[in-house]
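What follows is a set of structures for review.
There are two complexes below, and they share subunit A, which is joined by subunit B in the first and by subunit C in the second.
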Partner chain A sequence: MTWRDAIVLARRSVGRRGGRAVLTVLSVALGAALLSSLLIASDSAKQRVLDQVSEGGPLSGIKVDAAAPSASALDSDNPRPGAARRIDDTALRRIAGLAQVSSVLPIIATPIIALPPTTLPAAAHATSKNDRPLFEAAVGIDLAHVSQLPVTVIAGRLPQPGSQTEIAVTVDFLQRLGVTNANSKALIGTDVMLGAPRVFKNGNERRNRARWTKAEIVGVVSQEAGNGLFVVSLDMARSDRAWTAAGAPIDGIDPDPSEYSALFVVAHGLDHVTQVRAEINGVGYSTSAPESLITQVQRYVHVVELVLAGIGSIGLTIAALGISNAMLAAIRERRREIGVLKAVGAADRDVRRVFLVEAGTLGFTGGLLGAGLGLLVARTLAAVVNRYLASQDLQTVHLGVPVALLASVVVGATVLALAAGTLPAIRAARMPARQAISDE
Partner chain B sequence: MASPADVAADPNERAGVAVHATGLRFRYDTPEGELVVLDSIDFDVDAGSVVAITGASGSGKTTLLSVLGGLDRPHGGSVLIAGHDLAQLDRDEMARYRREVVGFVFQDFGLLGQLTALENVELALTFERVSRRQRRARARELLGAVGLGDRLGHRPRALSGGEKQRVAIARALANEPRLVLADEPTGNLDPVATAVVLDMLLRVPVDHGSTVLIVTHDDAIAARADRRMHLIGGRIASA
Partner chain C sequence: MRRRRYSALAASLAVLLSGCSAHSRAASVLPATAAGPQETVVSIGGSATEGDGLRNRLQEAWPYLVFRNALPISTVFVNAALDDATATHALTLQVPVATELKPDLVEVWLGADDVAAATPIPTFTTALTELVTRLRVSTETRVLVADLPASFGTRAAPYNTAIRSVVVTTGAELVSLANASVTLAPEKGFAAQPDAAGHRALAAAFEKVITKSN
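On to the complex of A and B.
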């Protein structure tokens, strides 16, 4: 008997006992839905936690400071910079050429004087009054490759690459203004005066001046690319930095001769971060990466995933036992049919195949329905959770369609159903032909 | 189906004997002890004949049919059919024997309710890995021959008793069997359907070259067979 013939016969047999088949499929579907919804929820939670840890950047990101490494730099996630050391294009190319390095992006931080808007939109509900200039920094990043940087957009968008007039502000800036994340959208479209400072020295006389730019806030971000309240294009940061550097040193700020303030390196996977950090240290630069934290978080989350998968699997196993029970009952009811199959020449393996295909069909159908139902449940839960998170001024959770996870639930349900159907199928196959046909 | 080589290798067949049983013994183990159902019986059945097996309930006639059909293994003696000694076959060989040598017709028809008439007849060829097209053509031909060419897509529940038994006969003939074994084939039929079904079974040796063994309580049916084998207490009383 071919598999195709077995499938046709099994399908007809399942269809003939529609009520029982529907109930069996539903029990598998519920088990599969429980498992898939738990796994989707834990997967999303893991992504959320890791995003939080990596600030939305790649998990295998490494920050390279314009400083020499210290001896114990590799033992810590946090930077332990030694003496200042310039990062220029040559150093950038050397690091980019290292094995297991996926990408290298430059970061330019430059001092900036900011004049916040004296009148904020009413919708911002600002609780502080800011009519004094802020002496801060702007962080210039490669806005064309922002997905490879630890930057997360909270509201609005990022400035256009190369823009000299668009900026994004950080959450810290919102706090300075007394604006909550929930009201951050209200700031989009308002203007900030940014001044690149410069000290003019004439003998002993020092005069502080600034080159002012009227910049529009186009977005609000959370970022770990550099220390600063404003995210700007690389061109804007480079231009301001050159303007400032052309003057005399600013009191309280060490002159920074480096072409780039830092680099952000992405390794080919979390497993290679330690190796890449060591190689960058070998090139002569201090590094930092949240690899230990991420690894620990992944470990803890994995434990949670295992527990949730275990709970879900119990549901699926109960459903599989239901299949086993239904199959055993079917065999008792279908002794005569088994006898007829044997009378017309079915070998034990043919009978076994028919019953296994029936069990597999129930498991596959239930798994498919359950995976869909699980996704629906997870999305519903996510909607409820997101409403709560939004009300608490927290970043919401994004649920994708985890195709591989859902496929594995379907495969798992089918395999479990096949396992559950094995004993009944063997029992049916081993039934003596005359005993089956006599139906006694 | 048995190959020509099998036929040539079987000295009984060459001698015109379809079934050669010697010392055939079968028993059931019951809580009360061993119950001998077939008690060392010897008989031959001529190829191409129709044999009626009669006897009272419990005389062993259905058990004899089960043994000859490979549904049960004899506990003693030997049964030679189409070159096979049924006492020596293992489970797989027994299944192959049923698939290739025997066709069954049951009192309750034995049709699968989830399949159409056409598919029920095809079923007999499904386990032989005959191509779908070939077995479909064969099933159509046989159902046409039993007058059910217009009932191909009907499920058993939509057929009368006589029609069901005609489907069962078509299925029994699908694998071109040497032996057609019918257990009370008219037991559930009205007189008209009985006559039709009986005529068909009696024509099988002529039309298909098979040997037919019919278990029956009906003397009228037995009277139309070429030979009658009467069992009493597991022994052949008259043949």
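On to the complex of A and C.
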């Protein structure tokens, strides 16, 4: 008997007992749906928690300040930096050359005067007056490699790399205008005037003259790359910083002489963060990274994942027992058929194959349906949770399509069904032909 | 029969695909801004150009109105104006700022503080000529010079004559405020100051010249 014959026989058997097959498939589907929805939900929750801890950036991200390290630099995730120290291209290259460093991106923060649009779109439902300038800072980042930085887009998009006319605003900016996260999209497309301040001294007289540019808000972000309300291109931040730095001290504070305000370093994995931090401290710069917190959170989340996977697996095992029961019932009903098969020359392995194909088909179909159903359930739950989070003005949860996870649920359901069908298949295969026909 | 057997598989695939399509629905985003080449604009002037007397100078003073409303998004703008600046003061303290920026367009409105300070006309003329000449180091640089509006009274007439002659001799462009209704705020300081409506009229006059020649 060929595989093709076994498949035809299994299909015929399933079709003949349609009701039972549908119920068996449904029980597998429900088990698979429970498992997949729990795993998708826990995966998304894990990602959300880690994003929150790592502030949207890579988990192995390290912030390098334009300051010397303090004596206890490695005892804390966020140590107090030492004396100011310039970060220039030489320092950047030196840090980039360290072992286990994956990437190094510069950050330029520069003081800025911002004039929001006098009339905001009605859809923004702004609760604050915004006709006064905001004395704040803009954060220039490498927008071509933003995935390597602690920046999360909440609405719209990020400015184009190198743009001098596009900016993204932060959630803090929304709060200054009295605009909620839910209404933030209304700000996209509006213009802001940004002025880089510069103090001109003439004798004892000090005059501030700003270098003004107009910029379009293209997105709303949450970011921890630097302290500032606006995310701009490195070029834009550099131009503004050059104007400010050429002037006299602002409020008694000398313009920052450092070429870069900070660096964001990504290590080759969380395990190497401590080593890389120590090496950067050795180069002479203070670092901070939430490595201890991330490791602890990962441990707790893993425990939760194991518990949820256990609950889902129980559901799937119950479904597998259902398959086993259905197969045993099928053997009882099909003794004559088994007997005839053996009488016409079918070997034990041929009979075993027919039953295993049938069990595998039920498991695969149930697993496929269950994976789809699980995704649907997870999406529905995410929509409910996101509606609540949005109403509380909190960042929503992003639910992706975990293809690998869904595929493993389908494969798992099929394997479990094959395992559940093995005992009935062996029993059917070992049944002597004469006994099978005579019992009938 | 066969069709029925395949229906379960088709249904499960449909569920999976609907999940995928819901995920790929991206939020609407703005296309990249097609900003033109960066142009630098500088304004030079006295108290009024700095926005003295206004409730919110950054929102109401004429140079900011022109910048916000009439200039392309790629423009870089610096207001070099200073309180009580006569043409001589502007030459010393404002022109270096402007020349450092290598501007494409300079907006000049001087004379009001000279009227208040009663600057001799020859001194005013010499300083303004020197100022415009130094700003026009490049023939590409457009220099717009505004005269004084009728609301400044008869004392402004000789200064207006001087401004118009400087415009002609230096090749600058005149922003005529003769017919602009530049209303004045109640006088408090050194020189007469336009009110918010007056600043809007000033901005409109500058915008007219800027857009006409573009």
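To be clear about the criterion, the second predicted complex is superposed on the first by the 386 of 440 C-alpha atoms of A that agree within 3 Å, B and C clash if a C-alpha of one lies under 4 Å from a C-alpha of the other, contacts with A are read in each partner's own complex, and residues count from 1 in each chain.
Everything that follows uses one rule, which is that a residue touches a chain if its C-beta (ideal position, glycine included) is under 8 Å from a C-beta of that chain, and two chains touch if they have at least 3 such contacts.
Everything quoted here is computed from the prediction, not taken from an experiment.
S.K.: Return first, second, both or neither, reflecting whether A:L399 touches subunit B, subunit C, both chains, or no partner chain.
M.R.: In the superposition, A:L399 touches subunit C alone.
S.K.: Using the touch definition from the top, say if A:A68 reaches subunit B (first), subunit C (second), both or neither.
M.R.: In the superposed model, A:A68 contacts neither subunit B nor subunit C.
S.K.: On subunit A, which partner touches more residues: subunit B or subunit C?
M.R.: In the superposed model, C touches more residues of subunit A.
S.K.: Given the touch rule stated above, what does A:T365 touch, subunit B (first), subunit C (second), both, or neither?
M.R.: In the superposition, A:T365 contacts subunit C only.
S.K.: Now for A:A347: first (subunit B), second (subunit C), both, or neither, which partner does it touch?
M.R.: Only subunit B; A:A347 stays clear of subunit C.
S.K.: Just subunit B (first), just subunit C (second), both, or neither: which does A:A433 touch?
M.R.: first
S.K.: Under the stated touch criterion, which partner chain does A:G15 make contact with: subunit B (first), subunit C (second), both, or neither?
M.R.: After superposition on chain A, A:G15 lies in contact with both partners, subunit B and subunit C.
S.K.: Could you tell me if A:I188 is touching subunit B, subunit C, both of them or neither one (first, second, both, neither)?
M.R.: second
S.K.: Shared contact residues on subunit A for subunit B and subunit C?
M.R.: 15
S.K.: Which residues of subunit B touch subunit A in their complex?
M.R.: Listed in rising order, the residues of subunit B that touch subunit A are 66, 69-72, 91-92, 94-96, 98-100, 104, 106, 110-115, 123-124, 126-129, 171, 175.
S.K.: For subunit A, which residues are in contact with subunit B within the complex?
M.R.: 1-2, 5, 9, 12-13, 15-16, 336-337, 339-348, 350, 432-434, 437
S.K.: What residues on subunit C touch subunit A, complex-wise?
M.R.: Touch list, subunit C to subunit A: 1, 4-5, 8-9, 11-16, 18-20, 22-23, 27, 29-30, 32-33, 35, 38, 56, 58-59, 64, 67-68, 71, 73-80, 82, 93, 97.
S.K.: Quick one: in the complex, what on subunit A touches subunit C?
M.R.: Contacts found on subunit A: 11, 14-15, 18, 22, 25, 115, 118, 131-133, 155-157, 160, 163-166, 185, 188-189, 191, 193, 200, 202, 207, 209-216, 218-219, 365, 368-369, 371-373, 375-376, 379, 399-401, 406.
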